[in-house]
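These are the structures in question, set out in turn.
Note that chain A is present in both complexes that follow, paired respectively with chain B and with chain C.
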Partner chain A sequence: MGRIFRYCFWDLLRSRFVLAYFGFFMLGSLGIFRFAPSASAAFGALLSAVTLLVPLCCLVFGTLYFYQSRGFHELMFAQPIGRAPLCLGQYFALSSALGLAFVLAAGIPMAAYGFSTNGDIGLLAVFVGGGLLLHLAFLALAFWIAVSIEDRLRGFSTSLLIWIALVFGYDALVMGLVMRFSDYPLETGVLAAMLLNPVDLERVLVLMHLDTSALLGYTGAAFQKFFGTRSGTWISLGALSAWILAPLLLFLRKLARKDWQ
Partner chain B sequence: MTLPIRIEGLRKSYGRKAVLRGIDLHCEAGTVTAVLGSNGSGKSTLIRCILGLNVPESGTLRVFGEDVFAAPSYRRHLGYMPQHPSFPENLTVHEILQLVSRTRGVAPDFTRCAALQVEACLSQRWKTLSGGMKQRVNAFLAMAFNPSLLILDEPTASLDPASRLRFMELAMAEKERGKTLLISTHLLEDIREIADYLVFLRNGKAHRVSKELMLELAGSPHRNAFEQAVAVCLEESAPKAG
Partner chain C sequence: MRLRMLFLVGIIAGFGHGRSASKRFDIGWNRPFKTLREALAIADSNAVLVVHPGVYPETGLVVNKPMTLRGMGWPALDARGLGALLNITADNVRITGFVFKNVGVSYLKDQAAVNMTGTRGARIDSNRFVHNFFSIYGSRSRNTRIDNNDITGRYNNEVANGNGVHLWQCDSMTVKNNKARGHRDGIYLEFTGHSTVTGNLAEKNIRYGLHFMFSNGSRYAENTFRNNGSGVAVMYSNDVRMEDNRFEHNWGSAAYGLLCKGIEDSKVRGNIFVENTVGVFQEGLSRVQFEENAFVRNGWALKMVANCDDNVYENNRFSGNTFDVSYNSSAHNSNAFHRNSWDKYRGYDLNRDGLGDVPYRPVELQSVLMDRYPEALILMRGHFLTLLNLIEKQFPALAPRSLEDDSPLFPPRKDS
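Moving on, here comes the complex of A and B:
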């Protein structure tokens, strides 16, 4: 797996998509920090961009990458290497390449605009670390989709539907339920709902390290009480890890019985 | 003696469509077997099963005595040339050779396949190679690690006439070295000289015929007679195994 990782990572570092991904986030981050009225407003805008675009890019590029690797898989399966080491090597190479592009493109402007001081280093770490976990989770989902659905068009459609469902649909559903049952104490239910969506987890984790949670009123206080604590952070990280491991295990299970056509 | 390929009762379906309906086939060491069949007859499926790329419903498949689905170690004996080769686009040919060489634990033998002239493109990235050059690298990767069994899927389909001739000379040289070859092809001129056995895939079954019997059926040593006899076997009923 290590060998496949090294060669695929080296290939990806030279790919146009990874360079474009880096360039897009770098220019976006610099633009946001340059033109936003305050550093915290810029940070909020950057967080929105990351939670919106990282899942989309990972799902689209992940499925595309797996589909385009079919010929490579066919050739490498004629070598003494198993399916899982080959495909996991590719998965970690892609995660590392996109993750590195993200860390550099979002981290450098943040550090340059004063988020690397002692008070903000924790926030920077949560933002970047959470972003990396988002990459791992959505690339695992993308690989699972690609290995499960033979037809590329259907694979891409499924990726886009999952993106819409997790980024927009889930929040709309939760918000609708909260409004419908506003007379009941829903804090625990909403907290649990946040754990079931990796995008919300990243968003909430970062927001709880900002002062803006004070603006959210009673619900914000309940969130702060849970996610703002060390154990809450660990539970959230555990939930994000589950979002990586579950699709990865489903991917490996499907991979073991897959027919290459 | 351990056979390079031994297949018994191999069955494979895609959904409700049964492609292989109990294939029994073996290849002796040092022989060349050509797999023939119309489009959709299951040639590629059979090769993919041997490579472990497709998982059959039932049957046993052994390569040099090793169960294909037990562990990938049997592939050390195997060289494979697919019809449409593909590698990570930004790797150079040198890096691709390194990757395969390190995976197999054997260094490639450049002198063995000098006719393919792969040295000339070692520093080029995969995406910059022409279709013919990709196929030559593909052929090199199949042969340069000295495998005992070579599986070639439509090997000359995208080669220019000169490269095709060079490739067939290399394949013949491998045969003379005692290697076992399994070739899937539509081009009868590729196999007329080199093949010892022809396997006709029809209705999900394999019918193995020696080339001598095929020539006998043709009734004449003339090339056209041979090709007509093969065409008859493909389109109508396959002859009894020889």
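Moving on, here comes the complex of A and C:
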């Protein structure tokens, strides 16, 4: 697995897609940090970009990568190496490459413009760490989709659908539920709903560290209280990890049972 | 000749004698009077009590004749947490140059460093107030000037903390160039009409920088209200003028730059609202004119409840606010917006008259939704809401149609 990881990782670092991914985020965040009036506004704008694009890029590139490795897989299956170590090596190589590109592209402009987060290490940790976890989660999803659906076209459209569902549809559903049950106290329900979607969870975690959080009223206060506690932090970390582990396990299960033809 | 000289000397002497009627009492450890209490006991009307440097432990002093109390070199009157300090019951008293300290907390009496009851023509100027329950307390007083005082409260909580300047049932008061911080309310006026509050700085007060109720015909101008727990509250008054004030950084889930409730026939002009959670919260406002105010980087610039009617907003500048206006009805609106500058305006000006050709609708869908379903605020900055907003911009349905600026400035003025 380690050797596969190394080969794939170096190979990926030279790939055009990863370079483009890095370049795009780099330019984007440079622009944001250059023109944003305050650190808080910059992080807000960057957050929008991250929650929109990271899932999309990971889903599309993840499925594409897995489909394109078909020949490589067939070659390697003839060698004395298991399916799981091979594909996990690829998975970690891909997440590391994209994750590294993301961290550098977000981190360099921050350093270049000397953006202090007012000593809020939590904001930086949540922003960068949460972004990395998003990569892991959506690449795992992508691999699961690619191994489950043989037809490329169907695979791609499934990943796009999942992207739309998690980035737009889920919020619409929550909005609908909030409107439907507005007569009841909803803070706990909304909180649980935010924990169940990695995109929303990352957004809310970062928002809590921005001064925008004061606009969130008493729901925001309930959130602040929850995320302020140790158990709240662990629960949200757990929720994000579940979004990585669940698709990864499903992927491995499918991988083991798949009849390669 | 000699007789005439004698007469002149007599006049001068007589004049001198007249002046010496305002007799001077010196108070200090090496002076004729060791404490202010001794001097107050025997001083006549129009006396001048000069207090020299030192710390004077005192409580419950009464000033019941017109006189001047002057501190030289900041003498301190220290109540040591035991009670109140000065109680003024006479007219035309002037207090200047003192440090008033440590007036004790009481849950039965409003103990103050300087208390005025039913007086006229007092002048409290250039004093320092440190760590008192109430600092300056006036009730049923008139024509008083309170200026250039530096007031620092107890910074603790709303309950065991009084107000910096507290005026109740007064009239024609002037509160000018004071600094008030760390009190419950920095400056508090209730039933205090025809008064002016100008040039003051109220910051870091636990509740309101300025709290203003049932005070008709009053004016406050050129004050700065900064970092107060809940900002400034102006309630149930009419004919109020609020001009050229700065409302800065009153930020928090229950903070407002300016909370207006039940205000009628008033004018809000030339104020600057920067970085408040809500710039102006408005409930039950009627016939109030908002002119030439700037709303910069607030959460909500204006948050209006639909019982506001016939208010006019002209020549205001809105920039960098998360929401410009929120309004909680989609049916009725009688408020008018003209010639404001909105940084979010995306219209055009074909005839180049400096006014946009399409109206600007400042109430966004998301602010309508957020008002109705506050829990949904958690979806803010989510992509679904952004999408909805775009759609609403094209096909407005939820905000009242009449709530729009019919002649927005074009191009919008830049942030300064």
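To be clear about the criterion, the second predicted complex is superposed on the first by the 254 of 261 C-alpha atoms of A that agree within 3 Å, B and C clash if a C-alpha of one lies under 4 Å from a C-alpha of the other, contacts with A are read in each partner's own complex, and residues count from 1 in each chain.
Rule of thumb we're sticking to: a contact is a pair of C-beta atoms (placed from the backbone, for glycine too) under 8 Å apart; a residue touches a chain by one contact, two chains touch by 3 or more.
For clarity, every value in this text was computed on a predicted model and none was experimentally measured.
Identify the partner contact of A:Gly31: answer first if only chain B is touched, second if only chain C is, both if each is, neither if none is.
So A:Gly31 meets neither chain B nor chain C here.
Now for A:Gly238: first (chain B), second (chain C), both, or neither, which partner does it touch?
neither
Which chain, chain B or chain C, is in touch with more residues of chain A?
C
Which partner does A:Pro80 contact after superposing on A: first (chain B), second (chain C), both, neither?
Only chain B is touched by A:Pro80; chain C is not.
Using the superposition on chain A described above, determine whether A:Gly23 touches chain B (first), chain C (second), both, or neither.
A:Gly23 sits against neither chain B nor chain C.
For chain A, which residues lie in the overlap of the chain B contacts and the chain C contacts?
Residues common to the chain A contacts of chain C and of chain B do not exist here, since the sets are disjoint.
Where on chain A is chain C touching in the complex?
Listed in rising order, the residues of chain A that touch chain C are 37, 44, 47-48, 51-52, 167-172, 174-175, 178-179, 182, 186-187, 190, 194, 200, 203-204, 207, 211-212, 214-221, 223.
Considering the complex alone, what residue numbers of chain A touch chain B?
It comes out as residues 3-4, 7-8, 10-12, 14-15, 68-72, 74-82, 257-261.
In the complex, go through chain B and note every residue touching chain A.
Its residues touching chain A are 14, 48, 51-55, 71-76, 78-80, 82, 84-91, 95, 98-100, 102-105, 138, 141, 151.
Touching residues of chain C toward chain A in the complex: what are they?
251-253, 255, 277, 297, 299-300, 320, 322, 369, 372-387, 415
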